[in-house]
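To start, I am sharing the structure in question, which I have written as structure tokens.
Naming follows writing order (A, B, C, D and E), and every chain is counted from residue 1.
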Amino acid sequence: MEVLLQQIINGLVLGSMYALIALGYTMVYGIIQLINFAHGEVLMVGALTAWSVIGMMQTSMPGAPGWVILILAMLIACVVAAALNFVIEKVAYRPLRNSPRLAPLITAIGMSILLQTLAMIIWKPNYKPFPTLLPSAPFNLYGAFITPTQIMILSVTAVSLAVLMWLVHYTKIGRAMRATAENPRVAGLMGVKPDVVISATFIIGAVLAAIAGVMYASNYGTAQHTMGFLPGLKAFTAAVFGGIGNLGGAVIGGILLGLIEAIGSGYIGQLTGGLLGSHYTDIFAFIVLIIILTLRPSGLLGERVADRA
Amino acid sequence: QDVQTVKIAHAGPTSGGIAHIGKDTENGVRLALDELNAQNLTIGGKKIKFEIAAEDDAGDPKQATAVAQKLCDQKVAGVIGHLQSGTTIPAAGIYNKCGIPHITTAATNPDVTKPGYNTTYRLIANDNALGAALAIYAADALKLKNVAVIDDRTAYGQGLADVFKETAKQKGMTVVASEFTTDKATDFMAILTNIRGKKPDAIFYGGLDSQSGPMLRQLEQLGLGNVKFFSGDGSCTEKLPELAGKVASVANVTCATGGISVEKMAGGQDWKKRYDAKFPGAFQIYSPYAYDATMVLVDAMKRAGSVDPKVYVPELRKTNYKGVTAQIQFTDKGELTKPAVTLNAYKNNARTPLN
Amino acid sequence: MAQTLLKVSGLQVAYGGIQAVKGVDFEVREGELVSLIGSNGAGKTTTMKAITGTLPLAGGSIEYLGKSIKGQGPWDLVKQGLAMVPEGRGVFARMTITENLQMGAYIRNDKAGIAADIEKVFTIFPRLRERKDQLAGTMSGGEQQMLAMGRALMSRPKLLLLDEPSMGLSPIMVDKIFEVVQNVYAQGVTILLVEQNASRALALADRGYVMESGLISMTGAGKDLLADPKVRAAYLGE
Amino acid sequence: MSTENTVLKVEGVSKRFGGLQALSDVGITIRRGQVYGLIGPNGAGKTTFFNVLTGLYTPDSGTFQLAGQPYKPQAVHQVAKAGIARTFQNIRLFAEMTALENVMVGRHVRTHSGLFGAIFRTSGFKAEEDAIADRAQQLLDYVGIGKYAEYKSRTLSYGDQRRLEIARALATDPQLIALDEPAAGMNATEKVALRELIDRIRNDNRTILLIEHDVKLVMGLCDRVTVLDYGKQIAEGTPADVQKNEKVIEAYLGTGGH
Amino acid sequence: MTQKNKIIAFVLCGMALLVLPLVLQQFGNAWVRIADIALLYVMLALGLNIVVGYAGLLDLGYVAFFAVGAYLYGLLASPHLTSTFPAIAAMFPNGLHASLWLVVPLALGLATITGVLLGIPVLKLRGDYLAIVTLGFGEIIRIFLNNLDHPYNITNGPKGINQIDSVKLFGLDLGRPISIGGFELASVTLYYYLFLALVIFTIVICQRLQDSRIGRAWMAIREDEIAAKAMGINTRNMKLLAFGMGASFGGVSGSMFAAFQGFVSPESFSLMESVMIVAMVVLGGIGHLPGVILGAVLLAALPEVLRYVAGPLQAMTDGRLDAAILRQLLIALAMIIVMLLRPRGLWPSPEHGKARVPSGGARTVMPPTAQQNPPGIDFPADALPGNTERRQYPINP
């Protein structure tokens, strides 16, 4: 029982981070139909920036409380990531808006490699220990443990999602985003400047990714230039899982994927009588994905596009 | 007297996820070559100037074979590499075809030397030795009963874990859980939670410090701070405590390295100083071996009086060289004759050899 | 004479080097309804797009309110009272009808005024009220056309560009649309109307222009053009 | 006219979208050689009826017979095979393919060569390919755009795209060809040309189901007309009768006088 | 170009390809090896082009078929199975040394079946949903290969399969150099000719498919699936056929890879491989055979060629950047810059229509390439005249 509870906590924490990353993926996808392969690298840059900032602050102002350092580092990481994503969009995607759909996909892949390489130059290739800035003593919850960092992750995700939902559904900029997503040209006729909206989307996505990156690194305690790839990939999966382009879907997809992974690696062994083990976790996750998409071809929350003939 | 330039290659991943380890061995080779050049050696009557040919295989077998072919074409005098078993095995065949010797200082899978090429050498204990030593220690010295085993599903991690498991079972221990992760993972919460449910006395991890560091930290988070932790050379680095965030459970770690630890060796401390002076902050694991490997190649050249592989390879087999890492001699398969294994623990977050 | 609201001179527009509009001059004065007719592919839509700043000019100039629109995007022009109902409706398929109308009022900030205008649109097109929470993408072609009209009105434009507003509508709706056009016109909104239904468009218009392969071939008062035998043969099927 | 001459017989078709009854109990019978008009206000369900007929939407109820054979409008491609071809209200051409290729695709259902033939270029394959190309070119000429055979379809003008859609539909050798607002966006003169084309198709002994808002065109072309309103059939008969029907005038024609 | 000129160009090209390895050999076998690998990737890219370029289905797990072919050859022509399963050893006392004539058809068949199997669950999916499922499928295959060493050691897990036989063809062992009249043909050169033959075979098949009823059906599906269905195309079968055909080339290429390398391990079949194959297709010119070939050659060879260039370049940066990093930077920049400069690929398919000449005055010509739009404004690719309402994925946040 406490194992299950613990796995649920693990899954929720992991899933929350996937969800945050997936939100950025899904927003960018929704608005310009681009699988932004470099999204994971934005996360990585966010995390490594925070790592540098923390290092500097710990030496320059010893004795500052951990949470202050963490918040400051996170803020700076967000700014850096946002600026980066803004530039990436401008340089690598914007010129290709009217090109065949797969062209920006290739520049995105190129960007991803480029960012990894640059990060390797800037931060050196070795793994960096990411300091635990919040108290590390876990709370005991009916035999399961949860750390303050993990609590922070869960709450930050919830807050981010709420803010984002409100933004997209109930504000003018949100409506402008949806309109631009559908038809930038007509949105322009309404007074929306598509470039601004698209840039805003990339910036929001980057901020979420940076937050996720910092939390990812502080939760698991390590950061490196390749760290973005895997969570990026998983988050993309999660976004599709939930119905790409759909914010709620991204969150549900992310959390579900986290849970499936945690519970999957926990119970595959038992389910298959020891035949398969935790090395099949990803397979398990992908098979669940395939089954769900077979039943609901547009993801969990993705509505069937009204394809009027 | 004319100067002959001799190229010695380093081949390993200097990009990608374990670029830091690849860089480390490359540095080892560089250090050795610099020191050799300072000695103004004469081989076969010619003054020799060594140069490094550093190639990146990105940890990819396909690229590794391309690298190997390129080095063959370039007629380098010898190769230090590759780093992983997955790249070393296919590359070995190519080196053998063109008669260039290579010494791996990190690929620990027993299969590397299986074909028995006279061009393939390994400068560290293979997984069989490391895994077994750890299991024996756990059973005999610590009298542990239940152990959980994790591996990272690489040729290295899996090989090591298998040997450990096997020996542990022979020694009467019970493997209560087998869990798996990858060499790119950072989240081990799920598998550790599983393991916690099985209440083992110890955990064995076959993999690198980039995983075992965070893993130790996550053990702590899950309240597994009192479980013993075993691992092989890939994790047995000085960086480990740092990577683990210096959590208390670092004190539970016992890990094995091939050879004697740098600190314990006569010239070890001094060597490390020289390395750090040249490559500050870059030290990982295998650079002393790469350093020695370079020296071993040159030693063979000196004895053969030639830098031509065809001439000096037979001498290589007869090596008896006192290196930083060990007294080096090869079996006819190219393995060390006496692959020493050192068990280490961490005291005050510093790696210290046991016994 | 009323002030000139829109002045197009020597307009050329090209798609990738190929000219679709080859030097067009015309003007629309304040309070006028001007019709632009021409066969398929004559360049009417292209001209409209150039006016709203959606297509770059290859030559010539466009002045709106006495200023060149050069360098301004549609978003800038809407703020100055220029609105367009694009060809093919361009409704936001995944938004509800109400949201579409709100998008039309994107540049406005008076909540109450917007709500009142939405009511007005609903009064003009009761069908839209019936479906106000339906996603626009699932509406029939004609329904979408109504929505597009309504949406353009939401910005309270000075100059309204209509690109084939009657396309695909039932006779009764065509009547309706022309009625609305006339109403809007009567309220003082200046209108530039592109239509295939040349007879009705010219009947309404103060003045008309005929466009042929990227050039203006004829111009005159609406009634005069309607009576012109060449126009009748080429555009009225006689 | 005997019942053997019935090309399409549809009865009791209903279709619901969520809370909206888009079609309720619609039935029509079309005889060979007829031009059958389907008219009605915007949103009446005309396109929906087409979509149901051609298998793009699954109806909630209804029976379907094509040339006396019942068919299930479920697999869209089988409907085409059975002999119904259509055009789309929003033109749906294969944009990056040439006009000729578009029509050649239309021959797909009536041809058979497979992988083997294609790879080994068998004589049968070659003969069939030639026949496909010839027929496609003929059809392009027939609708009057033969000279644009080699142009990518997206580069054609609007009116020509409409013609190309018709040619592509004809290429499937349909028993019934269904045209969804072919005259939309054309001026009166262009409509005259279109009317000639449709007339020609009819005279070549084909059957046509036509959705159109242009009353003049409908009245001039159609043998029979059904009027839909809110998914219900409110009138059926000859154009002249329908035109006089009060309900039709109120819901569709308007009093504007046509 | 006249027919005659074309033939001359063709013959010259063919000669160049035949002589190429003999020239490269002079600079070192490494160059020939690069050419060999490039040829294998050409096959892969051509196979993927059927799926992505013709049928318009974005497949991000294509490397799975490469893996299937590679492991099939690896298992049937190495000591692995005989040394792990005594039963098999008993059956084949001389070890398993399956001949090329057996393995290639098998690889082709197995990959095709795998391709079709993958196709079935993803048929209903569109666009990028398909991409993620195929990606998952590719990972599933890799993970199985990595883990099927337990409970039965089938794939030898992460250690991979070693000592795979080289190709033997008509009594000729391609693994050994042969000398003809004192002129030595290196093993890599022999493989070059084998791969070249296979690639030519593949090109012929692709070309013929493209100009057939089947090819047209694929393209119709790519352009507009609903309209394609309405034309009577059985889109399900056609998509399965595309998956199957695409996969078969992948399988054959994989089996050749195994023979060539003598070693296969799961690392060679990572997701990044699939992504790079997609990049080859797109970068070269999606749907256009010469473009796809160019893309494959370029992306396969570039990293290796850069090995030779990076050194001197590095010297220019005073050695501050090391060669590996420089190499990666250059690859990344190349991908970005090529796409920015040539968004339809390096060698895109020509507009097969002749340019529209205005005729009868009333018609105007559409541009041959992407429409030009004013800076900053986005027109979805489908906002074409008469085609107004077709974006595949409206956002729905």
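Following the convention adopted for this analysis, a residue touches a chain if its C-beta (ideal position, glycine included) is under 8 Å from a C-beta of that chain, and two chains touch if they have at least 3 such contacts.
No experiment lies behind these values; they were computed from the predicted model shown.
*Asks:* Starting at chain B, how many touch steps does it take at minimum to reach chain E?
*Replies:* Minimal hop count between chain B and chain E: 1.
*Asks:* Taking CA centroids for every chain, report which one is farthest away from chain C.
*Replies:* So the farthest one, by centre of C-alpha atoms, is B.
*Asks:* From chain D, which chain is the farthest off, judged by mean CA positions?
*Replies:* Farthest chain from chain D, going by C-alpha centroids: B.
*Asks:* What pair of chains is linked by the most C-beta contacts?
*Replies:* A-E
*Asks:* Roughly how far is chain A from chain E, going centre to centre by Cα mean, in whole Å?
*Replies:* 31
*Asks:* Averaged over CA atoms, how far is the centre of chain A from the centre of chain D? Could you give it in whole Å?
*Replies:* Centres of chain A and chain D (C-alpha means) sit 48 Å apart.
*Asks:* When the C-alpha atoms of chain A and chain B are each averaged to a single point, how far apart are the two points in Å?
*Replies:* 35
*Asks:* Residues of chain C that contact two or more other chains, please.
*Replies:* Expected reply: 39-41, 54, 73-74, 88, 90, 93-94, 137-138.
*Asks:* Residues of chain B that touch two or more other chains: which are they?
*Replies:* Where chain B meets two or more other chains at a single residue, that happens at 14-15, 19, 153, 180.
*Asks:* Note the residues in chain D that touch 2 or more other chains, in rising order.
*Replies:* Residues 47, 54, 56, 88-90, 92, 157-158, 160, 185 of chain D touch two or more partner chains.
*Asks:* Residues of chain C touching chain D in their complex?
*Replies:* Touching chain D: residues 37, 39-41, 88, 127, 138-143, 145-146, 164, 167-175, 196-199, 233-238 of chain C.
*Asks:* Mind listing the chain E positions that touch chain D in their complex?
*Replies:* Chain E reaches chain D through residues 205, 208-209, 212-217, 219-220, 223-224, 226-235, 241, 245, 351-354, 356, 359, 362-366, 382, 384-390.
*Asks:* Flag every residue of chain B that touches chain A in the complex, lowest number first.
*Replies:* 14-17, 19-20, 23, 153, 178-181, 184-187, 189-191, 193-194, 196-197, 209-210, 213-214, 217-218, 220-223, 239, 242-245, 247, 281-282, 284
*Asks:* Once bound in the complex, which stretches of chain E touch chain A?
*Replies:* 52, 58, 121-122, 124-126, 128-129, 131-133, 135-137, 139-140, 143-144, 146-147, 151, 226, 230, 271, 275, 278-279, 282-283, 286, 321, 325, 328-329, 331-336, 339-340, 343-344, 370-371, 373, 376-381, 383, 389, 391-397
*Asks:* How about chain C: which of its residues touch chain A in the complex?
*Replies:* Against chain A, the touching part of chain C is residues 52, 54, 73-75, 78-79, 83-84, 86, 90-95, 99, 102-104, 106-107, 135, 137-138, 151, 155.
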